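In the two complexes below, chain A is the common chain; its partner is chain B in one and chain C in the other.
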Partner chain A sequence: MKDISRLFIPLAGVIVLLLAGCSDTSENQEEADADAGSTGSDETITLGYYSSGSADEKMEDIISQFEEEHPDITIETQNSPYQQFFQKLDTQIAGGNAPDVWLSDGVFVQKYAERGAAKDLTEWIDNDLETDEYYGLDFNKGPEGKYWAVPQGIQIGALFYNKDMFDKAGVEYPDDSWTWEDLKEAGAELTLDTNGNTAENAEFNAENINQYGLTFFNITEGWMPVLKSYGGGVLDEDLQTSVIDTPENLEAVEYMTDGMERGIFTDPSDLQAFQSPMSPFPSETAAMRIGIYARTLAANETGVNYDVTVLPKGPDGERFSPVIANSWIINEDTSDAKAEAAWEWIKYWVSEDDVQRQWAELGEAVPVKKSVANSDMFLNSGEKPENKQAFLDSFEFADTLDVNAVWSEWVDQMTDNLNKTFLNEVEEEEALESADKDVQQVLDEFYED
Partner chain B sequence: MILVNTETVKTQRKTKKKKGPVLNHEGKWGLLMVTPYLLQFIIFIFFTLLASLYFSFSSYDMLNPPEWIGLENYNKLIQDPVFWQSLKNTIYFTVLFVPTQTILALILAVALNQSLKGLKLFRIAHFIPVISSWTVVLYVADAIFNPRFGLANDLLVKIGLQPQQWLNDEQQVIPVLVAVAVWKGVGYMMVIYLAGLQNVPEDLYESAEIEGAGVLKKFRHVTVPLISGTTFLVLVLSTITTFQAFEQIYVMTGNGGDITSAGGPDNASMVLMLYLFQQGFSFLKMGYASAIAWVLFLILFVITMIQVKLQKKWVHYEK
Partner chain C sequence: MKKNFHKNRKKIGYIVIILSSLIMFTPFITATLNSLKTYAQYTAVPVEWIPDPIRWENYSDVWQMTDFALYGWNSLIVTVMSVLGAILSCSMVAYAFARLEFPFKNSLFFMVLGTLMIPPVVMIIPQFIIFRHLGFLDTLVPLWILEWLAQPFGVFLMRQAFLGIPKAYEEAATLDGCTPFQTYWRVFLPMCKPQLATLTIFTFMTKWNEIMAPVIYLSSAEKYTLPIGVLQMSGAWFGKEQYLVAAAIMSLIPILIVFLLTEKFFIKGASSSGLK
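After this line comes the complex of A and B, so read on.
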């Protein structure tokens, strides 16, 4: 072997061919798949979802049931924990190899829709689904009236309260007559400092609290329901203009800061002391919380004696319940045959009573199909909370969280500004003015192009 | 080690000039052997670097093809107060962290370079934080710095001082992060120093003793100059790690693993890598994130160059 270059060149050539070969095979594969689809034979689709422990097994179960009933469709799954799932998904979309159908957090549906990654499902939904039979289809509509996704399960907000704490303080349980002011008054009696004084006591020390009246966090289970029931909000109907700087919002924010200053509500720095901002209620450090349906899981796990009711009214009787419809999205770039197979899966998921029931048993979400959600199986499952009806009643005044393509980014700006006033660093007016400016800048950057 | 490398390169260069042909027999074999690595480097590193340079001049949301926008990202960067704050925080973090960790690592290494009973146990104890994941370290740190239940506040209250907010306080957040980072990182640098210390010839200490040098003088005039090469390595490595610090700040300041809340309170602990990640992966502004990455690279490059230039003044390599 005198001349090494003789070996070197072919070797390099082989490697290059190998690399080129990889991409060739996948293209051929896709062509073959497309051909197969057009002749009506077998179709393999990839399905992506974020996993959440016990739910994975159930998901696999339902998938194999689907495959049994649809022998011409094979489903390959891709799943990872929440954070990684969405990071990976974004890179997969960038690389053109995203799953054919995936489960999206409800607040990300518009992010994919407005950037052209989600397939428009309007026609299929109109043709194949009785829209009245389902909760939440409209929560995935864009401002232009198109459906971009179909709900997989619904998260809707209600007021959780710890019955033992109410009994101990001799306070009556909350009901649908409550306003936010009523909540604060009751909350004051339920807030205890380290010496056992309530927030109504003159010797109460708001710096050293053992038990909060209400725990309060971020947008969905924090400021948004309050802003909206006070008649305020963040974006106008076209979802491209900020309406933050209004007297209604000011009143709502003053209500919240007052509650935090008096120690009745948790402020952002109080929450830092907990392992998770979600833990005060299940760990019985707070008597009430604004919670979506999934929070029943943690509360049931720690065995809190609690129930739920609808969220309180604003000063003018307006009510608002936040809703997040985690949904199935079909990849815009997927072939027609695969998209149709994916649509079969979605239809199977929402319309089959049995599937809906199996999923509801996990207790993660309110079922999408109204008949199942209103059945005994969901409402009287024997698990807490007793008054699950409150979640269903809340649909009457439920809406999304002003979700648009840049939702995460404007929420970040809004939260930063609100936290400053929650922590008493700036006045309420100033925080709203500055939030208005920052949020509008985010919107302009995206929508002005 | 560094010296050996440059020397070999120099000799190679010299031989190359003498021999004439671009690659001799050995050179060709060598090239063949590194071909897999080179291909991997070209495909997975070189091209991705080029791509990120291109993205930094474009508007790119990952879901749609990038659009060339020239210097717009860089212009925006200059006017972005959060970028400047992150840069300031990163520098502040580095200035606190690098000297503290280096000095502590040296002290520990010297202390653990003697013949002691249970020496290995001590060395292992200092190395355990290095191999622990940040999530585990977070729980340890929380047990100490939690404003409600932490040991640090317990202690302060017991001796009659005011409890502190630690990670919730804009002034305290970076010093607390640095303290935890030093605790986690010092063991690694200690090991590097231990290796350096073992290369210091015993006879130099003996001659110093004969000259009448005490412990401190021996340390100052024998140990410190002879391990200056190691110190240089430790400084460069720690500077690069702090500029790229991400995971720690993400887990320690992100409320419940929420990336958008990390870097608080009010951006007081927002560092460049975190800001880059947030812009790129949470807000899909990959073009802007790439611009941040290139600015970060330039800053690191300049700092490392300065360190390399300055090393001639104080780093002593044994001939």
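After this line comes the complex of A and C, so read on.
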């Protein structure tokens, strides 16, 4: 073995160089930033977004168009896949290093707002945007009436149905007259066991199903629309009190558990047999799904022959469509100059028809600008589904998912309890009672100071 | 009779080994088969196990659509620096704890072990702030530098290895004029190759597959490591998940190579020690 110093000294040298190299560049970077700030004209802002679909390339493309039109603003991007993006963002916010402007999932806007990470945009929105021209601005309002974010694209729920399966079973396509009971009845004729019996047949085997009537998953594309159209829900208007343990919710949950027991709806354990809980509809194993707009991508990818219509009504004629307005948030801690540059970007995004059109072409989200969403380009693009109008019609009875600062936390509690009754482990009443207690505890822990 | 029983026992042993390795191997085989399918086949219900046609193009597509080589190179830097750091720093610290005398030795050792009990999540934000002040954000440094500061698991592993070597070696080395450092480097370290191999594989695997730290510290695409580079594509490959599987298989290959290279040390392990 060679003498130790021969190995160690060069190695130590390499490390010192690597370290010095790194810290050096970043110091220079900071100096450069400071210089730019002092002249007051050129601004470099960091923009964070989570990767979604094939949209990243388009996002970078739109950013460079923006930079061309705003030569005094440079945008540096940070992007990661969804889950990692928000992990990183939380760390960055705690470490005081968050991007100047970022794209937030709609359900997290209040979390950032109430924790002081998001800038209050009320004044800018009132001054610079015609609020009537856009979908979804109000979905980012907190209970105190302030705007915390501006929608980047809108996800709104509708009923997807597989035309081929309906034709084969000789069932009429769903329309806006349907109630949830109608859906279950049609679903029964569309549910097939391995022997080809429908759920209406006496010999039907609910343990061995080849084709489901409705795929049913989690909150947005599962229990929330049903609860709400039955007149129930999770939180009251101040978003700090649970209203889970009500007769309306009980009726809704009994409707769902009955559907699952009869094999018409997928229950949480059925979904585990699939590559992803999203795959039953695109893989043609389910005749219907409650789906947000983005689900059209996977259905188009596998070439399902399908269309959409508005979600069914509850027993009293009430209708509900879940909406998630994924939105731009400006960092509360960023400098005024950078915040203004970030606002330029947001304005550019929502108000430029051309940008809205380019984004809509991806088929990722319903455009924020009403004029673009109602144009031929969006409604009659030639891509399925034919009845895209259903998504726009749904805005009339759309609302958010009772989003507050501890949304993820209470959804976990609610889901755990509901899943127990969906899997027949506890009675419906018991599940709601226990969910009510658990959710209220989460709310109290955050709001009660 | 007895011979027969012995023979049968060997047979049963083989059957158990073959069965258990089949179970272990199934996910790997499924993944490999999935990586050769089209999306329609990949999501088909009921499952179609055998890809038809076999799409080898999935692999070349992945290679063309990502900066696979660049991400691989970044991963290699991180992993090699980490392995070097872990081997050197852990073994030095461990040697001190095992063979040298100094005040509070045992309490200090328990403190080192105690840090194993701190859940990693609580350290994320403090570490982020420290690295930010050091100007290491968006560089590869935070991904390997901690390994140069003697991680407790490695220290424990190497200390046990050093403790198992008879004192006579140390005395012999001292008689031959070795300083404590030379004793460590020339006598003790070479005798602990199996443990060093273990540490190498452990560090290599953790660092090669690490996701959390690269996600938090890296922002520019040209610095991405393989797992994060591949993950990055998961959005763009929505509806083409077979590519993700192919990419995952491709990024497995280096681990297999390292394992095959270090494997003989594992097997040599126990037998090579002892005074002759």
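Basically, the second predicted complex is superposed on the first by the 408 of 449 C-alpha atoms of A that agree within 3 Å, B and C clash if a C-alpha of one lies under 4 Å from a C-alpha of the other, contacts with A are read in each partner's own complex, and residues count from 1 in each chain.
Everything below uses one rule, namely that a contact is a pair of C-beta atoms (placed from the backbone, for glycine too) under 8 Å apart; a residue touches a chain by one contact, two chains touch by 3 or more.
The structure presented is a predicted model; accordingly, all values stated were derived computationally and were not measured.
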Q: With the two complexes superposed on chain A, say which partner A:Trp124 touches: chain B (first), chain C (second), both, or neither.
A: neither
(Q) Just checking: does A:Trp345 make contact with chain B only, chain C only, both, or neither of them? Give me first, second, both or neither. (A) neither
(Q) Is A:Gln87 touching anything from chain B or chain C once the two structures are fitted on A? First, second, both or neither. (A) both
(Q) By the touch definition at the top of the document, which applies to A:Ser283: first (chain B), second (chain C), both, or neither? (A) second
Q) A:Val411 contacts which: chain B (first), chain C (second), both, neither? A) first
Q: Would you sort A:Asn97 into first (chain B), second (chain C), both or neither based on which partner it touches?
A: second
Q | Touching partner for A:Lys420 - first (chain B), second (chain C), both, neither | A | first
(Q) Under the stated touch criterion, which partner chain does A:Tyr112 make contact with: chain B (first), chain C (second), both, or neither? (A) first
Q. Same chain A residues contacting chain B and chain C, which ones?
A. 4, 11, 15, 19, 87, 91, 94, 273, 275
Q: Write out the stretch or stretches of chain A touching chain C in their complex.
A: 1, 4, 11, 15, 18-19, 22-27, 50-57, 76, 78-82, 84, 87-88, 91-92, 94-97, 273-275, 279, 282-283, 285, 297-298, 301-302
**Q.** Contacting residues of chain A [partner chain B, same complex]
**A.** 4-5, 7-8, 11-12, 15, 19, 83, 87, 90-91, 93-94, 111-112, 115-117, 218, 268-269, 271-273, 275-278, 406, 408-409, 411-412, 415-416, 419-420, 423, 425, 449
Q | chain C residues within the chain A interface of the complex | A | 39-40, 42-45, 84, 124-125, 128-129, 132, 134-139, 141, 145, 148, 181-182, 185-186, 190, 211-212, 215-216, 219, 228, 231-232, 234-236, 238-241
Q.
Could you list, by residue number, the parts of chain B that touch chain A in their complex?
A. 25, 28-29, 31-32, 35-36, 39, 43, 59, 61-64, 142, 146-149, 165, 167-168, 255-261, 264-267, 278, 281-284
